[in-house]
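Data first, discussion second: the structure below is written as structure tokens.
Order of writing sets the labels: A, B, C and D. Residues in every chain begin at 1.
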Amino acid sequence: MVREMSAGPSRRRLAGALTALGGVTLLAACAEDAPQDTWQPAGENAQRIQDLQWWVFAIAGAVGLIVFATIAWVSVRYRDRGQPIPRQTHGRPALEIGLTVLPALILVGVAIPTIGTLMDLSRTSDTECVVNVTGQQWWWEVDYPPQEGCGGFSEPIVTSGQMVIPTGTKVLVRGTSRDVIHSWWIPRLNGKRDMVPGRVQTVRLQADRPGIYAGQCTEFCGLSHANMRMEVVALDPADFETWKANQLADYTAPMEGSLAAAGEQVFISQCATCHQVDGLVNADGVPIIAQPQERVFAGAAPNLTNLTTRNTFAGATWDLLTPTCRDDVWNASPEEFGAAYLAGVSADCLNEVDLREWLRNAPAKKPMYADPEQLGPTDGLNRGMPYLALSEAQIDQIIAYLLERQ
Amino acid sequence: MSDADAPHGATPPAEKTPEHGAPDEGNAPTPDDASAVAEKVDEIPMGGVPEPGPTGEAQRADDSNLLTELPDHAEHRDLHGGHATTTGLSNNKMGMWLFLGSECLLFGGLISTYMLYRGRQADGPGPDQIYDIPFTSVSSFVLLMSSLTMVLAVSSATRNDERNTKLWLTITALLGATFVGGQVYEFTAFYREGMGFTTSLFSSSFFTLTGFHGAHVTIGIIMLMALVGMISRQRVVGDKAEVVELVGLYWHFVDIVWIVIFTLVYLIPA
Amino acid sequence: MTTTGSKLLIGATVMAVVAAVVYGVIVGGALGTIGLSSAAMGLALLAGVNVYTRDADVSSMDTQAVMAAPAAAAAPGNSMWPIGAAVGGVLLVVGFVTYPVMVVFGVVVLLAATVEWTVQAWSERASGDATFNASLRGRMAHPLEFPVLGAIGLGVVIYSFSRIMLFLSQAGGPAAFATIAALILLVGFVVAFRPTVRSGAVAGVATIALVGLVAGGVAAALEGERELHPHETTGDLGREGQCDTGEETEADENASQTVGAKANLLADIVLHEDGRLEADALGLPGGAGQLVVARNNPTNVRFVNASGEERRLVLDLGTRPAVDENGDVIEDEEVPDQRCTALANEDGNQLLNFTVTEPSASGGPYAFVVPGVDGARVEVVVP
Amino acid sequence: MAIIERPVPATSVGPALPTVTPSSSLGVFRRPVAATGWRSWVFTVDHKRLGIMYGVAATFFFVVGGIEALLIRLQLAGPDGTVLSADVYNQMFTMHATSMVFLFAMPMAAAFGNYFLPLQVGARDVAFPRINAFGFWSFLFGAMFVNAGWFLGGAADGGWFMYAPNSGVAYSPSHGIDFWAIGLQITGIASLSGAINLIVTVLNMRTRGMSLMRMPVFTWMILVVQFLLLFAIPVITVALFLLTFQRVFGATFFSVEAGADPLLWQHLFWIFGHPEVYILVLPSFGIVSEVLPVFSKKPLFGYPFVVFSGAAIGFVGWGVWAHHMFASGIGPISVAVFSMSTMAIAVPTGIKIVNWTLTMWGGKLRFTTAMLFAMGLVVEFTIGGLSGVTHSVAPSDTQQTDTYYIVAHFHYVLFGGAVLGFFAGFYYWWPKVFGKCLGERLGKWNFWVMIVGLNLTFGPMHIVGLQGQPRRMYVHTESRAGEGFFNITFWNFAASVGAFIIAISVLLFLINIWHTHRTAPPAPLDPWDARTLEWMTTNPPKAHNFDSVPTVHALDEFFHRKYEDVGEGDEHDLRRVATAEELLAEQEANADHHIHLPSPSYWPVVLAFALPIVGFGVIYNHLIAVVGASIVVLAMFGWALEPSVALDTDYDPPAPDDGPGTELATVGGGRP
């Protein structure tokens, strides 16, 4: 029985070591294009983290290999081959202390650069542009406060899902939350920061090249935690100015008698109570101010003024662009990415399927608290978009109207 | 709902360790019982752990002379007729000390919650508007006095003077009841002055902290009254003086916690 | 061996459980399920007591033995529980007519009387020997009676104590409290150091004191408490729109001057010596004339008063429709919508927690102002 | 309230009366004395029976937690999974974590601790036997209460750490979180009473000669764990009370509208949370430190170092809690401080790994299943420990926290650490507890399948985590999966397959148990040639453990009594001088005569049963809570009035030593 077992452990050691090897070292190889890959920095902050972390992984892998090799060797060398009972040694303090001090020194070596990087990543004095981010149950609101940075903002711009920033500028994201704790994380630009209600948290963000950088809420926040995504779109400063001008352009009502005009009326009757469209006026010319706090527990709903300049909707989880148009934008080379993104959502590029499904029955597509019985504790207020029971015709009209929100 | 203290909250079951040896408490400790000897075993020098080098054999040699004169473990007793323990402290007392240790953490948590939320009274009355310092300092003094009478009770219990033990236990329970009565009055007065449990963060953390302490004092009063009942009906199991001492430990703990709470909550200006 | 009585009760329990499950599953609705399950629990208790006491009744089972057993011979002693049950019943009924609290009291007395009565009836006939019966009853009932009686006694003492204290004036309270405590201590020492005092005397003094305390409590309760008026708070100032008063109001006297909420602040609103009011928010260093606040988002702001005198920070949110006492809106009557902090003395600071629902474009300009310092103004922008 | 069926003095008049045997209900309150049958289990206070019951209950909840894990992995096997809806998925992962941490790992440590601690320190039972029984029953009822959420409107759905404000009533309207909070209060009472019990047992009831530095390492690790429990449980009790007051009585502790700070919950929870994870893993360290020396035929290398590093882990464990909150914005200075302290705690863990390896160095390794599991722990735990070091570096933790990388880390540390340690303990001590050795062949299969399953499930989670997949996502989609070798969907599928392989290995273990009990021969007295005191008893040990408690002269006393070193100078020759049977016979020869063990009692069960009633009342209807509270008071008084060891006069039937008597004394008549 002794003979048969002795072969076992060496195989055991190899299996354990191989998997560990696979797990730790192969990770260092870069992946093609997982959008949220934490090993592909595209900004100065993420680069600093990457510079610090890759060799910590390397050391860990090395130490792991040493330990596994020793155990494998010991289990082969000292297996029971009938030798006499070994000497009952109780330990060698000198060896012990040595093998304690060694890891301690390695850790001190790791600790010093950690503190340096940590302090740099939390500096806010060199901010060139401020963007406010507010998380609520299951989508991100982005607003640009009036400031001199990023080319200067005279009045605030409110958008959701995609945050557009100029490349090369040190952006400071000031984030909070309206209901539960969320977490703002764009892996390729910087580490994550929890957005805690009642607190203001700051995250440094900087993108070197134009492109879309994907991220996702990473602090458990209830039903649709998985469908609460965000993207940061980096544009050259010139493209950024055109984007900004377009956002601040005032409202152009749809042509009389067109499908979009009918859509506008449906929008006013069904959607305007929650969704704000700047410049929308009702029948007697009074500008409509959305009152989301009457229908939504968190007290806010996405601002749809320039919906179709963004290419995602419903918490940046579904695309407004058809898959082909989407790939054109996502895989565009940094040079012509700006133009591809600013083209927005054209009629033929519109992804009718998801948008129509969403307008038909939003809670079915994205789990939200919408059925009336369960709304007792929030005294009747929804958490997320309710079921609106729109007819197909109304949906066509609304889509036509939204297409004009360029 | 009584808070999370283990049944130790009630009269700690006068558990006698099931150590070997006759359980009847009756028999007096044998004269030659040298509990000191039990300690000597522990003082075996650190050499108990054989240094590298000397084989098991050599090490055992120098121990054997120590062990020969140790009486057989079976009739080992400590002084109060309880069972000999390795540290000399009786099991119940060590159990109570450990329980009080964990209670410190409980009150530590509650006090830190209060200190965090003391400034946030939103629309409700603030701490300085609502506290009646003279009254609370008198009630704190009463609780302090109850600790004094508790000490008298424990000393008369060790002297086996049953009459005075019962007397002082009752007096301690009465003073405790006065203190709790004062707290109930204070809570009602605050409620009338517009500070309910859910008025503000300050009020809910204040009521939680002082409410928990009040509950612990009430449990202490019940323990005292039960102890008086059990002594008068000779139903105390195990060593009477030790049970009184345990209740005394609990009572002094509750009193000291109140001193800390009183200074932090009432005296330090918000 | 179970008697018919127990069969009835056990059957009723099973029925109630089944009904609770069926009702719960099919009909749903919390009230019904809880009602039925409470009924099931009550019946189970009764069945248990009955199985335990009724079936132990020697006479009910073993008729042949009963004839000879001395236990059967003992005549049931007199008992006060029938009267107790009657009083409970009366209280219950009267309570329906007068105060509902009487009903609860009646139910409690009724319950206690029935339990005690059952125990007494059973213990009298448990065995032939009276003393053994008494010790049996003691063993069985005391662990429940002593704590309940102790709790009631403690409750009465504490309740009457607090009523007396409420009745006395603000100053009288501590004095009475101290005298009572001193008295208790005095009695303790006297009895301790005079061993000859007969226990009868001590018992007498104790009962007199107790009766006096309870009587005082009842009298104070009937008399009613001294008038305790709720304090005026900064919330009231805001609601009535009188935040603009510069001088001290009742809400300001010795308000706390430190803020524990350093961690979750949107910004510090600093009033400088020269009357400038500035907001410096996290991440936007350097005083700014305006502050951006997210809509519908509860925010904390700290007012730092670095000026010479005592100042109060007021958040002016334009106007809102007036509301009368029972909460319905009075048309076309506008009241200033304000939130304000307590008065902050020199370099004291105050916390202000607020939520803005309307965007600043529509709800009118919002601003932080300081009454008495007209130049001080920080505009609040709500997107 | 033990009703004493005392024979009544013969005062009856008239002829000798026929014996009247009133119904047993009269005696239903008599103190239980049965030594067999279900009563002997329900009312037992014997630390061995309670240890077995803890083990069985913990294994049951291990299977329950395992099934919940399988459902989670089914949902995540492919992109856009439809096995579980979002709500049910949230409940599933919350209850998976709660069952595994609170209802499997802690009670399993209690099972090993309760059973072997008294045996290892040479005591006849724990210090407070009835509190020990109360501990087990309140754990069991608390565990049932936590899981009652499933049947009464949905289980808790806020994650096992239940961050505020998501745990508030507005965001989780079902009663699930109330059941979770109050259930954990009850199991908390169980852990606290267990902690006090075992600390007093270790410190106060060691046999003569057993100084602290001669105690087995398992006893040391359990002692450190109990101190961690003693000071961690009250902190989470405060947190759970604040949460319950907020949800049931409308307090505003965590609601931001009233100006509250949600991070208060995180601080309170993690001050308990981090000592908790050392509570989970240190018992397994103790088991491995017992198993490795026995199968290496060598004493543990550097015993004092292993002991002090265990204590150091316990002590420093209190200073690292905020490394769970690096991303929640507690300010750069505190993040730096906690990053340093987290790195500091890696050093004592390193010492343990080094000492285990050096114990095996130069040994005579016999690869029984227990040894394989122990070596498995050393390897898998090292992987988990090293991945832990990588995110003790705060900046890289902001990239890794709340992703599957962290899930991989703590599964390697908990499954690779605690669970493998428990299995090593099963195979090592099975002959001691049940008298039969578990099958070695099936054991090997069990081990290898588990190692493959473990690595196949949690290995890929490292990759998936670094590809940016957050935790607790009920679905992952193609659009964020990426192509190439590291795409998320492929590795999620691999992890799901691995999960089922682990399930198969657990199944093999259960089959091994069943097979052993049906066919295996009784085990020899000392199957592994062991070294510590618990092996100096019969298999399974007698009710009073030791006939005469041995006096301890050195560390690994049992080994020193079996082997003499006859070599001179520095060459050594260990000669066998005594066999285990001889040592046992010697013990039985001079047995203590008058051993009175603590008697079984009702009150622990009654008191433990009252706690969920109070809990139920707090949630649904406060009247039921009052009923529950009165039962609690009743049980406490009954307990206090009952002596721990039933006096001789207590026994109507002859004392248990003379064989159980069931016949009742007649009522009103002399004793027949």
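Quick note on the criterion: contacts are C-beta pairs under 8 Å (C-beta built on N, C-alpha and C of every residue); 3 or more make two chains touch, one makes a residue touch a chain.
Everything numeric in this text was worked out from a predicted model, so none of it was measured.
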The pair out of B-D and A-D sharing more C-beta contacts is A-D
Note, CA centroid farthest from subunit A's centroid sits on chain B
From the C-alpha centre of subunit A to that of subunit B, how far is it in Å? 53
Geometric centre distance via CA averages, subunit D-subunit B, whole Å: 28
Per the C-alpha means, the centres of subunit C and subunit D lie apart by a whole-Å value of 38
In subunit B, which residues are in touch with two or more of the other chains? 49-50, 55-56, 116-117, 120, 122, 226
At which residue positions does subunit A touch at least two other chains? 88-93, 196-199
I need the residues of subunit D touching at least two other chains; which ones are they? 256, 258-261, 263, 303-304, 563, 565, 572, 637, 641
Subunit D partner contacts - residues on subunit B that touch it in the complex: 1-4, 6-11, 13-24, 38, 41-42, 44, 46, 48-50, 55-57, 59-60, 63-64, 67, 70, 73-74, 85-87, 89, 91, 94-95, 98-99, 101-106, 108-110, 113, 116-117, 120, 122, 197-198, 200-201, 204-205, 208, 226, 230, 235, 237-238
Which residues, counting only subunit B, touch subunit C once they are in their complex? 115-130, 132, 134-135, 138-139, 141-142, 145, 149, 152, 163-164, 167-168, 171, 174-175, 177-178, 180-182, 184-185, 188-189, 192-194, 218, 221-222, 225-226, 229, 269-270
State the interface residues of subunit C toward subunit B in the complex, per the touch definition above. 146-147, 150-151, 154, 157-159, 161-162, 165-166, 170-171, 173-174, 177-178, 180-181, 184-185, 187-188, 191-192, 195, 225, 228-231, 233-236, 238, 251, 253-256, 258-261, 342, 351, 353
Enumerate the contact residues on subunit C facing subunit D in the complex. 1, 30, 34, 38, 41, 51-52, 55-56, 58, 61-62, 65, 68-71, 126-129, 132, 136, 139-140, 143-144, 146-148, 151, 261, 263-264, 298, 300, 351, 353, 355
Seen from subunit D, its contact residues with subunit A in the complex are 85-87, 90, 158-159, 163, 165-166, 169-173, 256, 259-263, 296-299, 301-305, 327-329, 331-332, 335-336, 339-340, 343-344, 346-347, 350-351, 353-355, 357-358, 360-368, 372, 375-376, 378-380, 382-383, 386-387, 389-390, 393-403, 408, 440, 444, 448, 451-452, 455-456, 459, 462-463, 466-476, 479-488, 563, 565, 572-574
